[in-house]
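Paired with chain B in one complex and with chain C in the other, chain A is shared by the two complexes that follow.
Showing the complex of A and B:
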């Protein structure tokens, strides 16, 4: 279990908001790179080298796809690198494509990690006080993707077992796969929407004063960190709303000092550092025994 | 005092009368089994008793819980005091981790953290869950999931436990383990239990009362010892325990034995007889040859199958039995070409699986994975082979297939809403439309009542006459004993003891049918209740 995930759910939410908002509001190559690396490092911490590297390889291709498609469609910018079908592929568009791809992939990794650590009980802990129905709704949506994945895998296997894809035509194969995909989507939705009854049958929504088996107390430390994060966010949003990196017609001059990158880097790497610190602490304690 | 009283309960759904004038009551601490043919309204009756689970429809009659009308009770009472468990463990679970699931109900009740921790600790220790408290729900086996569900319901300290075929998705070993836990909570904690179930072999010895339903009416309300007398002329007699079936079929009408032990006592006074074994049938040429097969899921894991070698002949019904996780399902997928072995090969008619011209069709462990449409009829009409037929033939092909499996009355129902056994039959119908040459069945009898099993057995035998080869993977040894031409046991990565079922089950002492346990030492080669009856009759004729 991850040590970072033991922070209060509200703090966890504020944290990921700050990371993503900073990244998107700056759209700065270095900041996006920091967010991406921070996201991947934490993902490694959660899943271990072997499983995580598979995802990294997969998302590397997603990255390449976005990074190459973008400049071949957008031809703004001053500095042509070469020509493709009579259209200039510009340095500006290539750079923006890379940054865009980085930002999207970084978002994917952060979301994936959060799916892992932000469990249903955290969703309910935060939302039940607001509204029990909202708690049900969000926890259902939250479960949707992982559930869809398992169902999709199972369905694929079952349909291959009755020869669904035993046709020569590629188009027909694709058509069938798509029909199956659509059905899986509908069925997952149906499965997920039975849950409200089940949750109510088990007493959910009976009282708003829901208690917690694992107490999630909002400690002073959580409070300080939250305030720090919010101040950080306000400061940088203020800054970047004035100085967001512009790519067209020319890549804008960077005015941020090196110190800022260190601070932002620390923010983006925080879960990784925290996790690493905990495991080092553990090793150290162990060696003492 | 009655904890639950049901008076003249009627329920209509659209134009269908699902429940008709049902009245009964349950005493505190009683263990009551509700059974009856598939579609008799058992599950619906159970849902009427749990207000939150009631389907929409027209309801009349009254349900009293602890002397009060159930509709007048506050939500806090109905949600916590009436524990309810569903068929499919996945549907009931809402959290990601085991401990979260156990705590969910208590958190909803607003129990203080200290009390909650004690209660969760208690219930986890009682069921031996403590070692996997922090596991993900998705990593658990079906049996473990149902145990967690049971523990989570019990943690809320209900007054009564309602269970809707809780073992229908489990293999027999996990199922009987689950039922043993029920017996324990009934005996040790005095928990009142009302359970809808097909597995009477294990359940009848432990329950106090039996309710029998048919066509929406409660027909018999009696004790396990007495129920047989009422069912003498009814096909459901064969759903009772082996000892009871032998007793009644031999014409006795007094005090029936229920358990295997009673059964052994009862037939001990008959002289030993050896049943004549059937002459060996002429063997067809080998169809599937598996040679030195090695398989593992990934490089780092251990071998799941190693050095596996066997042959299956054309037209055989070959059954593979074995414990959980020994690789039975993986073996079927290997035969279907869905997995690749890392060494060794599967030959069919002396060519590799992928090059073979015939049709290999696999029934997956979860039949729901096959369904893609909102009614059963659409499901079958849209099956690939039916779509290839000319339009006017489609309808008739589908209808005749449904008739063959006795599911035509379900044609307008959503396949997902069918009971476990009905889903299996619907899936089988879809498979058979593909006109398989080799049929691979993964747990085909899961969740089926006795009558459906008989139908499936008949069906497989009919297919055998058409020279279709069937390979079955099952935990259901009673089914394996009756249907197969040969049985093999998958154990420690390889298939061992491949034999004729009579020899196979007679030579086994633990892993064998109830009938074989009863007949042990007295009637060798008797592995079903019918075998025992014919052995006794053979004896009588000789004298």
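Showing the complex of A and C:
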């Protein structure tokens, strides 16, 4: 359980929007790096060293793939490094490729963490105010990937037990695993999409008047933080719409002072810091008798 | 096991194909070009690269590019080059831009439906940098050929000009719209 996830769902949504919008509207190397590191640190906090480092290794390869592909397609830029098949590979394109890859990987990590903490009851709490049907639909879609993972794991164990993978060829092993994966996908999809029909057949959603008990309250603290975040977002969107980092033909000069980096860094690292603070507090509160 | 070996062989083949198809040159190597000396009996053509139209529509130009626009609109002044047999307008442009170290980017003939090389940008000025109707066009002896730049074979005495347009060529001298106007 994460301490950060105890904030009101609306605040959580506003927070991740602010992080991603600041990152993409600036496209600034340092800000992208801050968002990436913040995302990865929080991910480590949620999953622990062992599980998280596996994902970090996987996303490192994704990062490399994007960062190397980009400059082989874009050749604009002031400083050519070398020429690949008569097209320039430039310093500017390489830099932009790195920043772009960083931004995409950072988005992946934030999304992964949010899938973990933004559980279906939070989806319902936010969306039921808008539309009850939308809430139930989104929460079911939300469940799709975790459900798929569980089912995949179950089937994998069962099939391994009855000897599906007892062949010498690696390719054949892979082919069988893929077939199993496809079957699981179809089954999960059916499960997710049939469920609403079943609920409807039982009469759910047929009556107009329906009451809802809300556990989550939007407290004063949540309100203040939300207002602060929105003001932050407005200020920096205004700034970056004028001063977004330009890469072609030359990387534009950065006029942002060091203080701004500290503020933006604090924002990006906030979940990590909060989580760390709470876990330290928890340690000290434990009785030592 | 046979299947595994086959897959390994296939992967090796792909890697070999990628390696042999890749040419890596250093900056010096790329710009090292041989320009023939003009002698009395050599056939010659002239080349000029201009971007005057940008000066009239600076408001449409992408911000940050202002300092890369030539103040007199001249990227390459009218220069005479020796015509090699079979030279197309693109070969001439490629040789001249390499010789003068003017950056030029193009899309290869295999990547579009016209089977011709397409000039994307010269001297940091790219297509769409000056409004949605902007890009590079070329002229031979005062006319805009209706062929791709790598399909036009040059002859002795041809005068080739490359112009940047901000309005699909309507802001250039001597451009006649090919299609008939429908309605009003």
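We adopt the following convention: the second predicted complex is superposed on the first by the 226 of 289 C-alpha atoms of A that agree within 3 Å, B and C clash if a C-alpha of one lies under 4 Å from a C-alpha of the other, contacts with A are read in each partner's own complex, and residues count from 1 in each chain.
To be clear about the criterion, contacts are C-beta pairs under 8 Å (C-beta built on N, C-alpha and C of every residue); 3 or more make two chains touch, one makes a residue touch a chain.
Source: prediction; values computed, not measured.
Peer 1: When the two structures are overlaid on chain A, which partner does A:246 contact: first (chain B), second (chain C), both, or neither?
Peer 2: Second partner only.
Peer 1: More residues of chain A in touch with chain C or with chain B?
Peer 2: B
Peer 1: After superposition on the shared chain, which partner residues are touched by A:81: those of chain B (first), chain C (second), both, or neither?
Peer 2: second
Peer 1: A:273 in the overlay: touching chain B, chain C, both, or neither? Say first, second, both or neither.
Peer 2: A:273 sits against neither chain B nor chain C.
Peer 1: Touch test for A:20: chain B only (first), chain C only (second), both, or neither?
Peer 2: It touches nothing on chain B or chain C.
Peer 1: Pick one for A:169: touches chain B only (first), chain C only (second), both, or neither.
Peer 2: Touch status of A:169: second partner only.
Peer 1: What does chain A use to touch chain C in their complex?
Peer 2: Interface residues on chain A, with respect to chain C: 75-76, 78, 80-88, 168-172, 246, 248-249, 252.
Peer 1: With touch defined as at the start, can you tell me which chain B residues reach chain A in the complex?
Peer 2: 50, 52-53, 75-76, 79-80, 84, 86, 91-92, 94-97, 99-100, 103-113, 116-117, 120, 134, 138, 152-153, 156, 333, 336, 338, 359-364, 366, 369-373, 384, 416, 430-431, 434, 440
Peer 1: Report the residues of chain C in contact with chain A in the complex, numbered from low to high.
Peer 2: 1-4, 7, 21-27, 29-30, 63-65, 68, 103, 105, 121, 124, 126
Peer 1: In their complex, what parts of chain A are in touch with chain B?
Peer 2: Chain A residues touching chain B: 1, 119-121, 124, 139, 146, 150-151, 154-155, 157-164, 179-180, 183, 187, 190-191, 194-195, 197-207, 209-213, 215.
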